[in-house]
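Each of the two complexes below includes chain A, the first together with chain B, the second together with chain C.
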Partner chain A sequence: MIGYLLRRLAAMAATLLIVCALTFAVFYLLPSDPAAQFCGKDCSTERIELVRQQLGLADPLIVQFWHYVRGIFAGQTLGTGQYAVQCGFPCFGYSFQSAQPVWALMMDRLPTSISLALGAATLWLLLGVGAGVISALRRGTWIDRTLMIGTIGIAALPVYFTAMILLYLVVTVAGILPYPRYIAFGENPVGWITNLILPWITLALLNAAIYARMTRNSVIETMAEPYVRTARAKGLPERRVVGKHGLRPALTPVATMLGMDLGGLLAGALITESLFSLPGIGKLFADSLNKSDQPVIMGVTLLASFFIVTSNLVVDLVYAWIDPRARLS
Partner chain B sequence: MTTPLPTAPAEGAGAPAAAEAPASPWALALHRLRRRKAALVGAGIIGFFVLAALLAPVLTAISGTRPDTVDKKAIDPYLGGLPRGSLGGISSHHWLGVEPLLGRDIFARLLYGAQISLLVAFSAALLITLIGTVLGITAGYFGGRIDALISRFMDVMMSFPSLIFMIALLSVARDVNRVVLLIGVMSLFSWPYIARVVRGQTLSLRHREYVEAARASGTGNARILFGEILPNLTGTIVVYVTLAVPGLIGTEAALSFLGVGIRPPTPSWGQMISDAVLYYKVDPMFFILPSACLFLVVLAFTLVGDALRDALDPKGSRA
Partner chain C sequence: MTPHPLLEVRDLAVEFPTAEGTVRAVKGIDFTVERGRTLGIVGESGSGKSVTSLAVMGLHRGATVTGSAKLDGTELIGTPDDRLRALRGRKMAMVFQDALTALHPYFTVGDQIAEAYRQHFGGTRKAALARAVDVLGDVGIPEPARRAREHPHQFSGGMRQRAMIALALSCDPDLIIADEPTTALDVTVQAQVLELLMRLQQERGLGIVMITHDLGVIARVADEVLVMYGGSAVEQAPAEKLFTAPRHPYTRGLLDSLPRLDDEDGAELRAIPGSPPSLLAPPAGCAFHPRCPAYAATSDGRCTGDRPPLRTVADGHRSACVLDEVTA
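Our next item is the complex of A and B:
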C-alpha cells in the first residue's frame, strides 16, 4: 500500500508539473505585454522596461518557469533594490489588476466555491441516488419510466435557463428568498443556506440525472448478484437485503464519480457563479479573463488542476483500500 | 447465522456483472418499443434542426430577414430599445421577434445559430471519434509501452480543468477562424473519454478466438485491427459519440456564453443567451427561444443515444 501510495504521489506531481508547464507556455504566447498590463495606463517606455526587469519577464521562458515553480514552494523576491517585494510561500505572483497576491485572492474566494460545490453535491446525491434506487427497485413500472425520462429532460435543461427561471419565480415573483449573495457559514448559517439554495438547485439539477441513471444501473446489477439471492434465501427481511447487500456495493461507483465531479467543481462553477454573481473562484477567473490578468488566470488554472488530480488520487486510494486488486494496475 | 459480507464489485475499466435477464419476452418487447418511441421523437427533433440549419439561407430568404441586419424600426428607443409589439416583437416581418437594442431578427439568428452549433458539435464529434478510436485501439491492441505511453497521455489530458483551459486557449488566440479553433480546442479535451472506452473494449477483444485464429493464420496487424476488432467496436463507438454530442453542443454554448467562443456578428445560441440574460424579465421571449433550442437539441441527442445504448449495448455498461 505504501509503495502504491508513493507511486501515485509521484505520478500526481509529474502530472501537475506538466499541466503547469503547458499553462505557462500558453500564457507566454499571449500577445499582450504583461509588463504594460502591470504598469497600467500612461506608462513611459522606461517604466515598462523597469517593470519588465522587476517581474523577470526579460529572462528566457525556461528560467521564468523555474522561478515560478520554485516560487510556489519556496516563495520568491520579486524585483530588486527599493522595489523588492517578498512573496512568501505559496507564491503565485501578484494580480496585475489589484496588485494583491494571487494566493490571497484565491483563498478569499475559495469558501464560496467550496460552499457551492458541497451544498450542490449533497443535493444532487439525495435527488440522484434516491431516484436511482427507487427506479431500480421499481424497475419497469411507471415510476421507473417517469423518473428516467424525467431525469433526461431535467439534465437537458440549459443551466442558464434553470438559473434564470428560479431567480424569476422564487426571487422576483414569489419573493420568498433574497437575491443570492455569499454569506459565510460561520457568520449566519441560515443566511448561508437561504442565499445559496438557488445556485445549489441549479447545479444539482444538472448533475442529479447522471447519478440517478448510474445508481439505477448499478443497483440493478448488484441485485442480480448471487449473494443477494443467498441473502433472500436465508430469509432476511427485504429492507436488510436491499440496504446491506444491495446498496452498499452498488454505491461504490457513485462514490467514485462524486469524487471526480467534486474535484472539478471545487475550483469554481464558472457559469453558475456568473449567473448568480457569486464571488467564487469561477467568477474570479471570468473577471480576470476579461482584464487579461494573467497571474490570476494561471493561479486558478493550477488550483483547479490540483483539485482534479488530488480528487482522482483520493478516489483511487479509497478504491485500493477497498479492493486490493486495484493496487497492481 | 452469519451474514455473508458483501463483496465489492470489481468496478474499474467498465466490466459489468452478469447480464440481466428480461422479465418476459413480451415485457422486453414492450420495453424496447417504449425506448424506440422516445428515440423516434429524438430523431425527429434532430432531423428538424439539421434541416433548419441546412435550409437557413432558403428560410431566411422566404422570411425576408438576415441574421445581421439591424432593424431600428422594430425597436422602441423610448423603452430602452425594447422590441415594439407584444411577445418580443413578433410580427409578420419578424416571425420570432427581434433582439432588443439592435432589432436583429431572432428567427434568422436562431437558424444561423443552429448552423454553427451543429457544425461545431458534429465536426468535433467526428474528430474525437477519429483520434479516440485510433489511439484507443492502438493502446489496447499493442499493449506494453505503447499502451503505457498513450494511457499516461490520456491521464494528463483528463487532469486539465477542461473548461478553464479551453477558455484560456480560446482567449489567447487572435485572428484565427473561431469555428475551426473551437472545434480543435473542444476536441483536444474530449477525445480521451472515447479513447478510454475503446481501449477497454479492445483489451477484451484481442484475446477472442477469432482474433487468435486470424493471427495464427498469419493475418497482419492492420487487417486484424480493421477487419476483426474495429467492426466489433462500432456499436460502442456510435453510442458514445451520440452521447458526446449533447455535451459538445453544451460546451460550445457555454464558451460562447462566456464570450470566448463564437464572436459577433456570427450568431450562436450561447451568445444569444448571454445577451438575453440581461433582458430575461422585460423581454422573456428573447431569452426563452435560444434556451429552448438548446434544450431540445441536447434532449434529442440524449434520447437517441440512450436508446442506441439499449439496442447496441444491452448490458448497459458505462465507461
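Our next item is the complex of A and C:
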C-alpha cells in the first residue's frame, strides 16, 4: 500500500512537471513580450533589452525553466539591480502587471473558488442523487417521467442563461437576495450563504441534472444484479436490500465522477465566477487571459493540474475503500 | 411426520408482460417435494425451470403468478411480501448459479452470512459471525474463521459455491432450491459440490429442488425428475424410471444426446433438431411437436390440437405425449 502510494505520488509529480514544461513552452512561443509589459509604455528598444537582461528573460529557455521549477520549491529573486523583486516560496512566478507574486494572487482568490465548488457540489449531490434514486426506484411511474423530463430541460439551459434569469428574478425583481459578492465564511457565515446561494444554484443545476440521470441508470442497473436478488432471497426487508445492497455499488461511479468534477472546479468555475463577478480563481484566469498576464495564466494552469491530478488519486483511493475488488493485495 | 408434504406446487403459472406481448413462462405445473428427497427439474434455457423456482420464492418481480405453492402447508402464492420475507432464507433458501455475481462484491463472506442469520434470529453481530464461521466449516471450507473475513472474489469458484451453500444453510432451512448450482464449476469441483449437498441433505433431512439442464447432475442427485419444455411439464417420473424407460420423445431426445463411453470412436453427437420454442408465440398443441421425430412420423393432427396434459403412463410415471400408445 505504501509502495503503491509512493508510486502514485511520483507519477503525479512527473505529470505536473510535464504540464509545467508544456505551458512554459507554449508561453515562450507566444508573441507577447514580458519585458515590454514590465517596462511599460514609451520604453525605448534599448531599455526593453536592458529589462530583458535583468529579468533573466534572455537566458536560454531551459535555464529559465530550471529557475521557474527551482523557484516553486525554493523561491527566487527575479531580475537584478533596481528591478529585483523577491518572490518567496512557493514562487509560481511574479505578475509584473499587478506587482504581486502569482502564488499570493491565487491564494487570495482560492477561498472564493473553494466555497463556490463545495457549496455547489453539496447542492447538486443532494438534488441529483436524490432525484436519480427516486426515479430509479419509481421507474416507469409519473414521478420518474416528470423528473427525467425536468432534467433534460435543466441540462439544456446554458449557465449564463440560468445566471441571468436568477439574478433578474431574485435580485432585481423580488429583491430577496443581495447581488452576490464574496464574504468569507469566518467573517459572516450567513452572509457567506446568502451571497453564494445564486452562484451555487447556477453551478449546481446543470450538474444536478447530469447526476440525476447517471444515478438513475446506475441504480436501475445495480438493482438488477444477482447479488440484489440474493439479498432478497435472504429475507431482508426491501429498505435494507435497496439501502445497503443496491445503493452502495450504484453510487460508486457517482462518487468517482464527483471527485473528478470537484477537482476541476476547485481551480475555479470560469463562467460562473465571471457572471457573478466573484473574485475566484476562474475570474483571475479570465482577467489574466484578457491582459496576457502570462505568469498568472501559467500559475493557474499548474494549480488546476495539481487539483485534477490530486483528485484522481483521491478518487482511486476512495474507490478501493468502497469496492474491495479494487484493493491491492 | 407432519401431514403436509414439504413443498406442494399445484397448477403454478407465471406470466409476465413484455413490450411484444405477454410471455407465458410457466403454464401450470404440479410437483411435490418431500423432506429428505430431491426433485430434479430439467429443461433447456427458456423452459421455465428457473422462473418456477423464483416464483416459489416470491422473487420473480414484475410477473403474475397464479396457482398454489404450499411450504409445509403455508400458501406462498399471493402472500404479502412482508410475510414471505419471514420464510425466505429461513424456511426456504436458494443457491444461485454463479456465486461470483450472486454474492455481494463489497461485503465479506462472513458478513453476508451473518446478515441473513441476524435477520431471522436476531442476536449480536458477534454471535451471527460465529454462526457464519460454523456453517462455512460445515460446508468444508478450510480455515473458516479466516475465510469469513475475505470477500467473494478472493475465493476459488468451488469455495465460492460452498460459501453460497453455507449462506443458504445458515438459518437451517427445510427446503433448498438450487438453480444450476454447479454449472459454473469444472467437473471435479462439480462432483464435490453435489456430494456436499447430498451429505447435508442426509444430515438435516433437507428437501432439495435441483434445477439444471444437465442430466448428469440429475442422475447423480435426484429422486424424482420433472422434465420441462416450453413452460410445461412434459414428463415426471422417479429418476430411475426416467433414465431406464423414458416415455416422452423430448426426454428420449435429451437422453439420446448424451455422449456415451460405449459410443464408437468418431461417432457424431446426437442432437435434437430445431431450437426451443418462442415463449411469445408458442407452437399450437404440444410445444415440442415441430422438433418431434414421432410427430414427423404420425402427423394426424393430434399433436397440434390442445396442449397435451400429463397422463399417468405407469406407476408414478406421467408423460404428456398424446402419441404415447404409438411411441411406447
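The definition used in the following text is that the second predicted complex is superposed on the first by the 310 of 329 C-alpha atoms of A that agree within 3 Å, B and C clash if a C-alpha of one lies under 4 Å from a C-alpha of the other, contacts with A are read in each partner's own complex, and residues count from 1 in each chain.
Here, contacts are C-beta pairs under 8 Å (C-beta built on N, C-alpha and C of every residue); 3 or more make two chains touch, one makes a residue touch a chain.
Everything quoted here is computed from the prediction, not taken from an experiment.
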Exercise. With the two structures laid over each other on chain A, which partner does A:191 touch: chain B (first), chain C (second), both, or neither?
Worked result: neither
Exercise. Thinking of the overlay built on chain A, is A:322 touched by chain B (first), by chain C (second), by both, or by neither?
Worked result: both
Exercise. Should A:221 be classified as contacting the first partner (chain B), the second (chain C), both, or neither?
Worked result: first
Problem set entry | Touching partner for A:145 - first (chain B), second (chain C), both, neither | first
Exercise. Should A:270 be classified as contacting the first partner (chain B), the second (chain C), both, or neither?
Worked result: first
For this session: Tell me which of chain B and chain C touches more residues of chain A.
Result: B
For this session: Examine A:232 and indicate which partner it touches, taking first as chain B and second as chain C; both and neither are also allowed.
Result: second
Exercise. Once the shared chain is lined up, is A:245 touching chain B (first), chain C (second), both, or neither of them?
Worked result: both
Problem set entry | Touched partner set for A:279, first chain B, second chain C, both or neither | neither
For this session: Show which residues of chain A both chain B and chain C reach, each in its own complex.
Result: 225, 227, 230-231, 234, 236, 245, 248-249, 322-323, 325, 329
Seminar exercise, completed: So, in the complex, the side of chain A touching chain C is made of residues 225-227, 229-238, 245, 248-249, 322-325, 329
Seminar exercise, completed: Interface with chain B, chain A side, in the complex: residues 11, 15-16, 18-19, 23, 26-27, 29-31, 140, 145, 149, 152-153, 155-158, 160-161, 164, 168, 172, 214, 217, 220-222, 224-225, 227, 230-231, 234, 236, 244-245, 248-250, 252-253, 256, 264, 267-268, 270-271, 274-275, 285-286, 289-290, 292, 297, 300-301, 304-305, 307-309, 312, 319, 322-323, 325-326, 329
Exercise. For the complex, which residues does chain B have touching chain A?
Worked result: 1, 3-4, 6-12, 16-18, 20-21, 23, 27, 31, 34, 38, 155-156, 159-161, 163-165, 167-169, 171-172, 174, 246, 250, 253-254, 257-260, 273-274, 277, 280-281, 287-288, 291, 294-295, 298-299, 302-303, 306, 316, 318
Seminar exercise, completed: Listed in rising order, chain C residues that touch chain A in their complex are 57, 59, 81-82, 85-90, 93-94, 96, 98, 101-106, 115-116, 119-120, 151, 153-154, 167
